[in-house]
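In what comes next, chain A is part of two complexes: it sits with chain B in the first one and with chain C in the second one.
This part shows the complex of A and B:
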């Protein structure tokens, strides 16, 4: 077996894991994942990271701590831009530097730059640079990437069909693609937030499953086609320069306009700079459309009981509204 | 059209003079105060950064004085400052204020849009007049920054540093009474002379501290709780890595190859941070290295809570602290920052620097035990 490449299960993991995994396995490397986020990883992240960082970045530090002693390489790409003239969060731009300066005794880091801001040519160089760690052959690298990209496309297709990433990650390389059909009479709630908050079961305290189990159909930004989301977010008076932003705002606007939505839950980590803008825009819009909106702010101190209570209260309210909206007392 | 703009250190002096010379009516927002911040905090999103909250306070106080047009600059990412105009517009609209916001965004592929907006703000279509006045406005900004630098230089060595504060306070309230570029420049020159007359104690040797961090909190004295005055009275000569006139040099009047100073900072930051992180994160790293190389006694980083680029910088600063053996302190400000705690931290830091300096001076005299 080849060299071990460690992939931390944090931040953009749920967005790109199939691509990364298939690419490196194709080149003969062994993929080692960090454990799923748990209390221990969170604690180690909190103690190594600067206090002011947001929860997902701290958790990512924890995953790196968890991995660093059992791999030959750590894969922490430096994401600058994933779409023309757009950026992603400033903390991602400096992520490899943050890790290097906060955690000691690290194995070599594969910190290739992903920068599509000006042109797509850069990405080719980055792929080659990433592949060169394992093979000098350009042909091998290119065929590995093409194969990996096919898996990635299949994964995105699964997501657009409405399968949540936790499940899609398990089924993208098998032939099962079944999905339980949504019952259309149930209320529909849109759960918004960054993929690394929503789908990490520890960070979000499994909010998706919790809401789903209460007999509610859920929609997340990943289930909306990227081009459609981009079309809706371009309606803003200012060009949206964050890729996360155009995904979250665009999908929220698209759903609000296209179907009758019963509520919006926004899961945001405390101190998230992008969310502070996005959720304000979405909240104002949902108020205009009279769609109930609630915000769950999470950080390392959030208690699960409090979150449960708020979700229950929100769902009760929506169900009452659905049942009793037309019954207005004559006496006010 | 009654024009107003948010406060940011000395910028209001030059923006006011410039717009008045172009024949506009200008409403200067009242000096930032607790009330400004309270208004801003009440109407802004909870987790947004401090500058927006103070901006909203400025606008509402100006609108109450009669302003109907707001002039601000913009950016295109990756820092959230780029969305200020959008969020501010929504907040003011939902509050029922009927004002127009003119945002001077970087061209972003549509240079004519920017020209149009500048013409609108300047209230004239005569480009020659606009350019001429902008150059004159930049001169005022330069002069105002020189005045602040002079005050910061004299304060730590003055026999009574409060005298400098009194002169500066008088200067700020006189700005309301002068009109246009020429009168403003005259007032600045007058004030410089006054400060030059403040008696100094030649025996005092000030410590030198470099201030780095997020541009707004460095420049706006209210946001950083008047750090330059507090440190000045503790006998510290400070140097700010960013000032309004430096910002103008970096962004509005760059030479054919961009600003030299900015390039130097990027070069210095390279071993620690090779790419941009938005805002002034890379400049913070670069300036810290340059301050360390220039033998400053210490560095203070100031940022508003949840500032994304500066958090990245903050996590890298400890490495610089070790590499160059220079103490670096990070101060985070938001609407909850208490003045007493803030002052205590500054005092403790200055004590530490004094001790470090003494140890260095006697290191050769006393044997190490």
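This part shows the complex of A and C:
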């Protein structure tokens, strides 16, 4: 059995898991995941993390606590930039340091730097650095990365077909390549937010399934092709230099222009600096297009009544509006 | 025998019950403090109605408010609706061309924007409770004023004091500071009303077109000081309906009436449930790391409902038990 590499199921997990998993597995490591977010992980995260951090960062701390005693290495890359001339959220820049400072008795952390801000060369060094933990052979590392990247591309392809990441993660290394077609007559709601808020069923109180189960088709930013999203976000008067920003704004604008959308739900964790700007830009645009918009703010609450009431009322309103539109069109 | 519809709104601060006839007239209304015991208060309200009115039949029941599911379990409702829809339906009933509903309740406040009798937009307060009824309640008790006298006192003020309204904690320290400076009580009270309205309009009303006719409802609408502060800030007339404090319950009753048109017979368990014995037990399920706090409701020693488990194991086990019994 190879050495155990622990991957916390938090933050960028839903963005890159297939790439990370296949890369380390190919090099002979055994991948160990933390449990899905639960009350215990949340409690441990809140008690170890500095108080000012946002909820997803606290949850990530909880995942590290959950993993640290059962693995040889923890994989916590230091994300600085994932695209030319763009930055990722500042909290990611210091994530490995934050973890090392807050949590005791950690196994060694593989904290390679991901920085594509100036050029793509850096990433090659980082990949080699990450691979060297398991093999000295550059050829092995390079072939492992290439194989992993193929899986990652397939994962992205699945997402772009409209499959939610929770399902796509189970499908990317199987033979299933497409999803069953949505019933087009159902109302369509776009659910916006950071991947680590949307797809974590505990933090988001399962908002995606809750909306889906009420007979609504859902669209999330991950389902929109990255280049298309970037094209739309570049229409903003000022360049969006946050990668999350160009993804969320770009995908929202693309969908608002290309299909008839019935509503937008924005899931934001309390105190998120990037969201405070994004959701205002999107809300203004949706108002112009007369698309209903609602914000769900999440924090450590465990009572689901607030979220449920808002979702229920929002969907009621959309169905009411739709019924009324149908009414007008038959008479006029 | 008279035929009525029952609307019940179980909120965080108050539990409201209305009895409505087929022409939407309110026959009886109850505004009771929930005091953290929704089941007992609900029973108390039903008992009062039963003693007041003789010889009637309930044709349909609607429940709303944050405790709507609990009320449904106890009563057997025909329709369970969220507060936004219920409040909108009730407002349309009194002012058919209403464009904006301002509603301030105990723990939440909302704005509902309507056009041609349908809801087109709404917003509720986010994680913070500043700008709600609890905030006023708290400050009133701080000042040693009964909440009923709050509004009248505010109207007497000549020089309202500016008080920070963004956060209930800031407002409190700001208010105490103003007291120490020697400001009049009525000026401080008026200042609090303005702070609440400012916070409401900046937070919940942000970016919304607040167009007339405006209906102001919810428990706080009884407060004339707040109403005046809204009139001042929005510079238009504001309509406070006669039954403003029970509008959610009225909406639920109207929705129940609509529902019964299709459903025909009600699921109501009968007015005598007011006499039943209910017990609530809770336990922490330790079967997985979620450690859900499961709630069980007993009626005469028998479990009638179980909920709050994420996986649905306990809820479902009860359903299958019931099916076996049936």
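Going forward, the second predicted complex is superposed on the first by the 322 of 332 C-alpha atoms of A that agree within 3 Å, B and C clash if a C-alpha of one lies under 4 Å from a C-alpha of the other, contacts with A are read in each partner's own complex, and residues count from 1 in each chain.
The rule is short, and it goes like this: contacts are C-beta pairs under 8 Å (C-beta built on N, C-alpha and C of every residue); 3 or more make two chains touch, one makes a residue touch a chain.
Since the structure is predicted, the reported quantities are computational estimates derived from the model, not experimental observations.
Engineer: One more residue to check, A:80. First (chain B), second (chain C), both or neither?
Structural biologist: So A:80 only meets chain B here.
Engineer: With the two structures laid over each other on chain A, which partner does A:316 touch: chain B (first), chain C (second), both, or neither?
Structural biologist: second
Engineer: Is A:39 in contact with chain B, with chain C, with both, or with neither (first, second, both, neither)?
Structural biologist: After superposing on A, A:39 lies in contact with chain C but is clear of chain B.
Engineer: In the superposed arrangement, which partner chain does A:239 touch: chain B (first), chain C (second), both, or neither?
Structural biologist: The answer is first: A:239 touches chain B but not chain C.
Engineer: Considering only the touch criterion stated at the top, classify A:284 as touching first (chain B), second (chain C), both, or neither.
Structural biologist: A:284 sits against chain B and chain C alike.
Engineer: Can A:91 be said to touch chain B (first), chain C (second), both, or neither?
Structural biologist: first
Engineer: For A:52, select first, second, both or neither according to whether it touches chain B, chain C, the two together, or no partner.
Structural biologist: It touches chain B, and chain C stays clear.
Engineer: When the two structures are overlaid on chain A, which partner does A:258 contact: first (chain B), second (chain C), both, or neither?
Structural biologist: neither
Engineer: In the superposed model, does chain B or chain C contact more residues of chain A?
Structural biologist: B
Engineer: Based on the superposed arrangement, let me know which partner A:270 touches: chain B (first), chain C (second), both, or neither?
Structural biologist: both
Engineer: Check chain A for residues that touch chain B in one structure and chain C in the other, and list them.
Structural biologist: The overlap between the chain B and chain C interfaces on chain A comprises residues 270, 284, 297.
Engineer: For chain A, which residues are in contact with chain B within the complex?
Structural biologist: Interface residues on chain A, with respect to chain B: 49-50, 52-54, 78, 80, 85-91, 93-94, 97-98, 101-102, 113, 236-239, 241-242, 268, 270-277, 279-281, 284, 297.
Engineer: Could you pull out which chain A residues touch chain C in their complex?
Structural biologist: Interface residues on the chain A side: 35, 38-41, 202, 270, 283-284, 287, 290, 292-295, 297, 299, 301, 305-306, 309-310, 312-314, 316-317, 320-321, 324.
Engineer: Write out the stretch or stretches of chain B touching chain A in their complex.
Structural biologist: It is residues 45-49, 74, 76-80, 82-83, 85-87, 89-90, 94, 108, 272-273, 275-279, 281, 305-309, 311-316, 318-319, 332 of chain B that touch chain A.
Engineer: Going by the contact rule set out above, which residues of chain C touch chain A in the complex?
Structural biologist: Its residues touching chain A are 66, 81-85, 108, 116, 118-124, 126-127, 207, 288-291.
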